[in-house]
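The structure that follows is given in the form of structure tokens.
In this document, chain identifiers A, B, C and D correspond to the written order of the chains, with residue numbering beginning at 1 in each.
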């Protein structure tokens, strides 16, 4: 397969965000991680009431204001980008914010990742051999959210699989990831291993398997990602 | 948007089953959702474990639940008070079980349950008979008790205001156990004095974010 | 000594309350227990800013309204009596209220007692042989307050000492009481044992010792309680 | 009444000594009391242990404390961010020590410290490298980490409003770590945007009761 051709068939970040957005169910409370996951918010269908939680104490976070002049330095996403408060949103302090997280109130979290293992282990906070590191709320959120939805490119820049048999990067939380959304596929983490649920248009199951370390089972209802 | 509003206390408590663990907020008679406790009596469920600071004033609230035979056990800090004759009589007759918990520990155990913490270490109760059977742990030469988080199937909450998202405010010291119990149950049911439009509550003044609330009814309780 | 005569020399509950009130220092945060301690509040000198904490979530509790019609069912003392909120007072929920207590913010608590031992052990929550019992906030407050001021009659109705060598009643908190205010005397609990600081007018040190189980040391500055 | 008001950030931070442990509130640059951190830089104290979610944005707040050589160690959840070049450079050069703590655990440890709890049991961090050296405990077959309460000598707080008793409100998500840090230090120092008369704040809207506050100054921080 020609690499150039394959790259052209990979989902864009925006297409991935759109697919993740579809996953967010009406009435859910969802935490959105920093980086790529922030793209998800504008793609949530308007007829769905998905409530966003930001760990800095915003329950009911809305998108950035249309007018830059309306940006408020005290109303930011966890990634310190402009945000807003929806009508009926509320502010809580940091301990109360993580009480929501660990108390099981997050229906889902959308997080980036360096690696996901076939048992659902998540690595997303520290690069290999890094000194120090920045953990932020990743460990609390990965442990607390009912569903941990990972959004990442399928392979590293060097072409190495990021869906692996066992993590080589430092673990964020064990057995936490429930579904993986990449630029090639949607993969469910189940008690019986990884299940390939959806393929990006033009990508084959064999291509996904070749870019994935553990064995994938094909879903009985394997389908194409709507883009 | 999820519709959390129901029309009556009866609709609000529908589905509570025999044997459920139910948190009932309030301190004395202040902040007790009596519309909801009355509705549970009328529902006629049995074998409840009730978590509440008091055991009910005269024949209201938890006292009525006791009187009507709904309660098997009560987890409580101050069950025997001059105003709590119903509990006293039933407890002395062996008709209700008691787990006595210091008030601050009861509050903190509920907060821990709502915050996803398994337990916490405290000095309260060390060396007392309420420490019996509890695990202790020494930290820097001091002995602490390990107290466990507490959750319930249902929490019954009395609020002052509610909006369509379930955001709540409370009235003065009627706040007491309400905000913490609202975090610590699978089903959080609210009796609110009044409903206001979404957006009418300042996000800085909301005490319980609506995400905690499953159902609410508007019910103006007799004083 | 004639009993009738002695009883006449004992402080009234109100005189005891007045003496305890003098102990409360400007700027202090103080929790007032249910029962006899509630008499203390009106005796605090008007020029002293003593802030009262009530465990049901009132920071800055004021006295009952002058007009009964102003009583508010949502503004009660811990003993469920009418109260008010001072200007600049605040409401907190129950976990935050006891965070104040255990977090070391109470400068003092005024509590009733069944017994106090010479090492400061406090018994005030349960009668001997009682079934069940009502503990309320006593254990948290006795452990948390910087000073635990006990206010009680010096002896039981049967004439037995309530200041004892070792508790026979169930303990509330070990090594917690700092000062004892009775209808006969004021006694400090120190590392070197009990010190008799003050005597009710007309009561002698010998009378106090006779009504007290452990040995009392006389303070170098032993004085009469101002009534 | 105790006078808690001082005139300037410099007066407010007077007396902070070398080697003190100092909580600095804020998330990113929101809610950081930069008037107070600047005043500490001018005071020239050394060897501070700073407890803060971030390590400072550009050269403000904690980053300026680092730059001016006031800091020996930082207890932090997200020290290495694109906006935190000062920390990165100093840490990589071995000039500052780091204790990395998950954000929710940092918040909860501060709350525990302020609530008089020695520690608590949590699932966060179990099986990760941040669990190394920490005590674990099994409850009902599940392994939990024991995390310890955290207190400081000084907490630096940024408030929106203050009254003469020290009651505080906060602005939007600038609330973040402020209310919990205000409970967990021996000396709580506040920089408030405005002062209002006693009684002007509704007791139901006060977020930090004034009993927690030792000193405050009114200081309007540049955005």
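Brief remarks follow.
Here, a contact is a pair of C-beta atoms (placed from the backbone, for glycine too) under 8 Å apart; a residue touches a chain by one contact, two chains touch by 3 or more.
Being a predicted model, the structure only gives us computed values, none of them experimental.
Counting steps between touching chains, the shortest path from chain A to chain C takes 2.
Listed by label, the chains touching chain A and chain B alike are D. Ranking all chains by how far their C-alpha centres lie from the centre of chain C, first place goes to A. Of the two chain pairs shown, C-D and B-C, the one joined by more C-beta contacts is B-C.
Repeated interface, listed pairs A-D, C-D or B-C, reference A-B: C-D, with more than half of the contact pairs matching by residue number.
The mean-CA centres of chain C and chain D are about 36 angstrom from one another, to the nearest whole unit.
Separating the centre of chain A from that of chain D, both taken as means of CA atoms, is a distance of 30 Å. Averaged C-alpha coordinates give centres for chain B and chain D that are 32 Å from one another.
The set of chain A residues touching two or more other chains comprises 85, 91-92, 95, 98, 101-102, 144. Residues of chain B in contact with at least two other chains: 108, 111, 115-117, 122-123, 170-172, 175, 203-204, 207. Every pair of chains that touch is listed here: A-B, A-D, B-C, B-D, C-D. By the touch criterion given at the top, residues 108, 112, 115-123, 137, 139, 142, 144, 146, 148, 169-172, 175, 203-205, 207 of chain B touch chain D in their complex.
By the touch rule above, chain B contacts chain A in their complex via residues 1-2, 111, 113-117, 163-165, 167, 183-184, 198-199, 201, 203-204, 206, 209-212. Those residues of chain B that touch chain C in the shared complex are 27-31, 53, 77-81, 83, 91-92, 98, 100-105, 107-108, 110-111, 122-130, 170-180, 207, 223.
Chain A makes touch with chain D in their complex at residues 54-58, 72-76, 80, 85, 91-95, 97-98, 101-102, 126, 131-141, 143-144, 170-174. Chain contact summary for the complex, chain A toward chain B: residues 26-27, 29, 49, 51, 53, 59-60, 85, 87-92, 95, 98-105, 144.
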